[in-house]
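So, here's a batch of structures to check.
The two complexes that follow have chain A in common; it is paired with chain B in the first and with chain C in the second.
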Partner chain A sequence: MRRRRAAFVVRAAILAALIAMLEVGCRTGAIDPLTVIPPSDMVASMVGQIGSGELDASIVSTFSTILIAFVLAVILGIATGATIHRFARLRDVADPLLASYYSVPTFIFYPLLVALLGLGKAPLVVLGILSAVPAVVISTLSGLDSVAPVLMKVARVHRLTAARTLWWIVLPAALPHLFTGFKLALSYALIGVIAGEFILSGSGLGYAISFAYQSFDNRTMYGAMLFVLLVAVIANGILYMWEGRLARRRSRG
Partner chain B sequence: MTGQCHVSLREAVRRYDGPPAVHALGPVNLEIRRGEFFSVVGPSGCGKSTLLDVISGLVRPSSGSVHFEDKELRGEVPDGVGVVFQEDSSMPWLSVRDNVAFGLRTSGLPKKEVAGRVDHAIRFMGLAQFAGHYPAQLSGGMRQRVCIARTLVLRPRLILLDEPFGALDQQTRLLMGDELLRLWRETGATVLLITHALDEAAMLSDRVGVMSARPGHFIDMVETGWPRDRDSRVISDPKFGALTARLWSSLREESLKTMGHAA
Partner chain C sequence: MSDLSLETAQAATATRRPARVLDVVVLIAVVLGLWHVIGTWTHGVAIAPPLQTLVYLAGLLHTEMFWSHAAATLEAFLLAFVLSALMGLALGLIFGVRRFAGEVAEPILAGFYTIPKVTLYPVVLLLFGLGMSAKVAFGVMHGLVPMTLFTLGAVRNLPPVLVRTARVLRLSPGRTMRWVLIPACLPDIVNGLRISFSLSLLGVLIGEMFSSQRGLGFLLVNGMAQNNVPLSTAIVTVIVAIAIAANTLMLRFVRRFARRADEMAG
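Take a look at the complex of A and B:
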């Protein structure tokens, strides 16, 4: 516990030092204000934009898209992972494809998705899913691999149905691995959606950042960037703490 | 208490398709009496665990038949059978209480009845202080007790134990043996214990079956003649040494075969 607290303090100190250096660099003119604005101005810009409500529509649009993409990626990823796990020959085919998936730049399909699905939310959701789903598939496979065979025997001794075996034994046993997949899926869905908005969309936080960038409005751009960064860190932090609680309960004395 | 046949195997054989194909068990002919404490010893890899799987209904015999309470088993675990496995099968995401209650989730019993049974099993296995703990916070022996308690709440008429004390030190094994005998006496259940420890089999059982090297079949049956209210102190009885020696003399040649030596 003391080690973890010490690591947290060191981490926070490094972050604070970097922010302070950036602040000093910007204020003294060592860093060109046309390139980066002082962190305190970023915070002021973020607070101002949120307070004025000018980001409300973008926030709702972006985070609802991320949430839909994340939830669908989790459902699709678990179903795909479970199917691949069930059939050994399918796994022989799928394993190398999954391993090399991350070398595919999924963003290049965005124009195709727009052509197929229009300019609304749909292509962004699909892009988010395409980015997030492999992490869930891979974590589902390793989670199912990790279920102790003896627990499956316990299920049979208790004469559980397939659904109850899945719900009461397989999913809880695989949960630590699934959690890793969920964390990655959230990050990838966020990256996929915001990058998609950046490239072609006409709404959302990615678009707001891109628009400010093209208008040379650094203050607005950095304020919106900081907001996205904070939300991503907080969402991941919540999942991290939840995972930590589960892990502490399960770890062998 | 003991008498009528509770479990019977007739010419039961288990083969596993390869590659490589393995003839794991049999033919085995066996009758276990109702309320009997029956142990099985045999050399490593002789098919002891396969025998337990066949008797529990987890595995169907390739040929021959298995009957429990006069009903033939067809690859399903029948009602009234509880199994404790060699490996730790406690569920790390559930507390001790929830682990023990797991077996009753599908029972349809009223909540009060479930709570009563769970409390009794937890107390019986000496886990009352640890009901809210998680398996990670318990020793290996205590986790195995949780698994026994989870079986106990089901009130099985046949309890199958596959080397449940295999990972424990000698003192704990003796004490767990006493707890097992108490459980057997108080529940009136039939017990089948698979073990590689000859002293454990000699101490606990009414009868010990000695298996041959693979494919395992019974080469000796030893009646111990112990009274029903015995405990681990029987190891100081002169008869205990004679029993253990008898088991070893039956088993020695088979163990040498397993190791690839001539007798």
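Take a look at the complex of A and C:
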């Protein structure tokens, strides 16, 4: 425990030192202000943009897209995973696809999706779903695999209905796996949607960053960038801690 | 490691057993069928049907234009992949052996792994300028971390007896690495290479798609901008085929090494 705290302190110190070095480097002119602006300016720009409401439309647009993509990916992923799990033959066929899915840069489908669905929310949602679904499918499969056969026998002995078996036996056993899948799905959806906005779109946070870059507005760009990265880090951190708590409670129970 | 758990789970599914030929044939037929349906149903406004794409691709392979763009992508990708692999291997071994340094570094790396790195691409462009080096740097940004984390995890989960044996035999650090650490971690290292391969490819392609005048990523975006649907479909097909082929090959290695490690342990 002491060791972990020591590691935490050292980590924080290293990060703080890096930020301080960047700040000093920028302030003294060792780093070209056209390349990187001082971290304090980034924070000021971020706070300014949020306070003035400039980013409001982008924030709403980006996060609603991510949310839609995430929810649809979870529904589709669980349905697909459960179906594949039910039919072993189907699983054999789907296995090579699942094994190689993430080796394909899904992102390259984005231009095709834009051509198919037009520039707007739809291709971004589909891109988010494409990035997130396999995580849910794989975690559903491993969650269902991890239900001990003896538990299913217990369910049969007690003559539980299918719905009750699902609620009392399958779900509690599969939940930790599912949760990992949801966590990954959310971060993949986030990456997919923001990348899509960044490359080719007319709204959202990714677009705001690339627009500021193209108009040489470094201050706005770094502020928006910092905001996106902070949101991503905080969201992942919360899910990570939540997952740890679930795992601990499980090992206790 | 929890942020990599999907890839490890995926590797576990994949190592379950090699795919049967029939299953793969069925899968390919289903994918081609879907592709054909979407292509013809939308009258080819976005995706050219498979047959038309293949015919176009065959013609494209005879043009010099295609090969010069492919060479640009290949060069950037190979540089990015080799740099990611070597640096990731070295960092992973160091962080694995030096436990405290590993504990300090791992959450930073894992955090970096999950952020949307695309947003950082303008910074890379400002630092490296437009061109090859920015693409390579962006590829390394994607590929380095998974390689490091996989190697680190492998070294950390090594049976302590191996390290102790190396110490008893008074092997030098270099020899410990060559004869003990690397062979024992080989399946995980190859798995790391596999993930690193696809992510550095992704990094390079995104770099080319955003602002570049060369490479397959540029050709893809350009094909779309000029409404040249067969061109963009053909480029996507080429990239997907290469990615899947490389991944399958490396999975085979992983399986073989994992089997050998099992035999040795048994």
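Here, the second predicted complex is superposed on the first by the 242 of 253 C-alpha atoms of A that agree within 3 Å, B and C clash if a C-alpha of one lies under 4 Å from a C-alpha of the other, contacts with A are read in each partner's own complex, and residues count from 1 in each chain.
Convention: a contact is a pair of C-beta atoms (placed from the backbone, for glycine too) under 8 Å apart; a residue touches a chain by one contact, two chains touch by 3 or more.
As the structure is a prediction and not an experimental result, all values here were calculated from the model.
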Considering only the touch criterion stated at the top, classify A:T65 as touching first (chain B), second (chain C), both, or neither. neither
First (chain B), second (chain C), both or neither touched by A:A173: first
Using the touch definition from the top, say if A:R164 reaches chain B (first), chain C (second), both or neither. first
Going by the touch definition up top, name the partner, chain B or chain C, that contacts more of chain A. C
One more residue to check, A:R156. First (chain B), second (chain C), both or neither? first
Just chain B (first), just chain C (second), both, or neither: which does A:V228 touch? second
If we overlay the two complexes on their shared chain A, which of chain B and chain C does A:A148 touch? Say first, second, both or neither. first
With the two complexes superposed on chain A, say which partner A:I194 touches: chain B (first), chain C (second), both, or neither. second
According to the stated criteria, A:S131 is in contact with first (chain B), second (chain C), both, or neither; which is it? neither
Given the complex with chain A, which residues does chain B contribute to the contact? 56, 58, 76-77, 79, 81-83, 85, 87-89, 91-94, 102-103, 105-106, 134, 136-139
State the interface residues of chain A toward chain B in the complex, per the touch definition above. 148, 150-151, 153-154, 156-160, 164, 168-169, 172-173, 175, 246, 249-253
Listed in rising order, chain C residues that touch chain A in their complex are 2-3, 5-7, 9-10, 12-14, 16, 19-20, 23-24, 26-27, 30-31, 42, 45-47, 100, 103-105, 107-108, 111, 114-123, 125-127, 194-195, 197-198, 201-202, 205-206, 209-210, 217, 220-221, 223-224, 227, 229, 232-233, 235-236, 239-240, 243-244, 246-248, 251
Considering the complex alone, what residue numbers of chain A touch chain C? 3-4, 6-7, 10-11, 14-15, 34-36, 92-100, 102-105, 107-109, 111-117, 135, 138-139, 141-142, 180-181, 184, 187, 190-191, 194-195, 198-200, 206, 209-210, 213, 218, 221, 225, 228-229, 232-233, 236-237, 240, 243
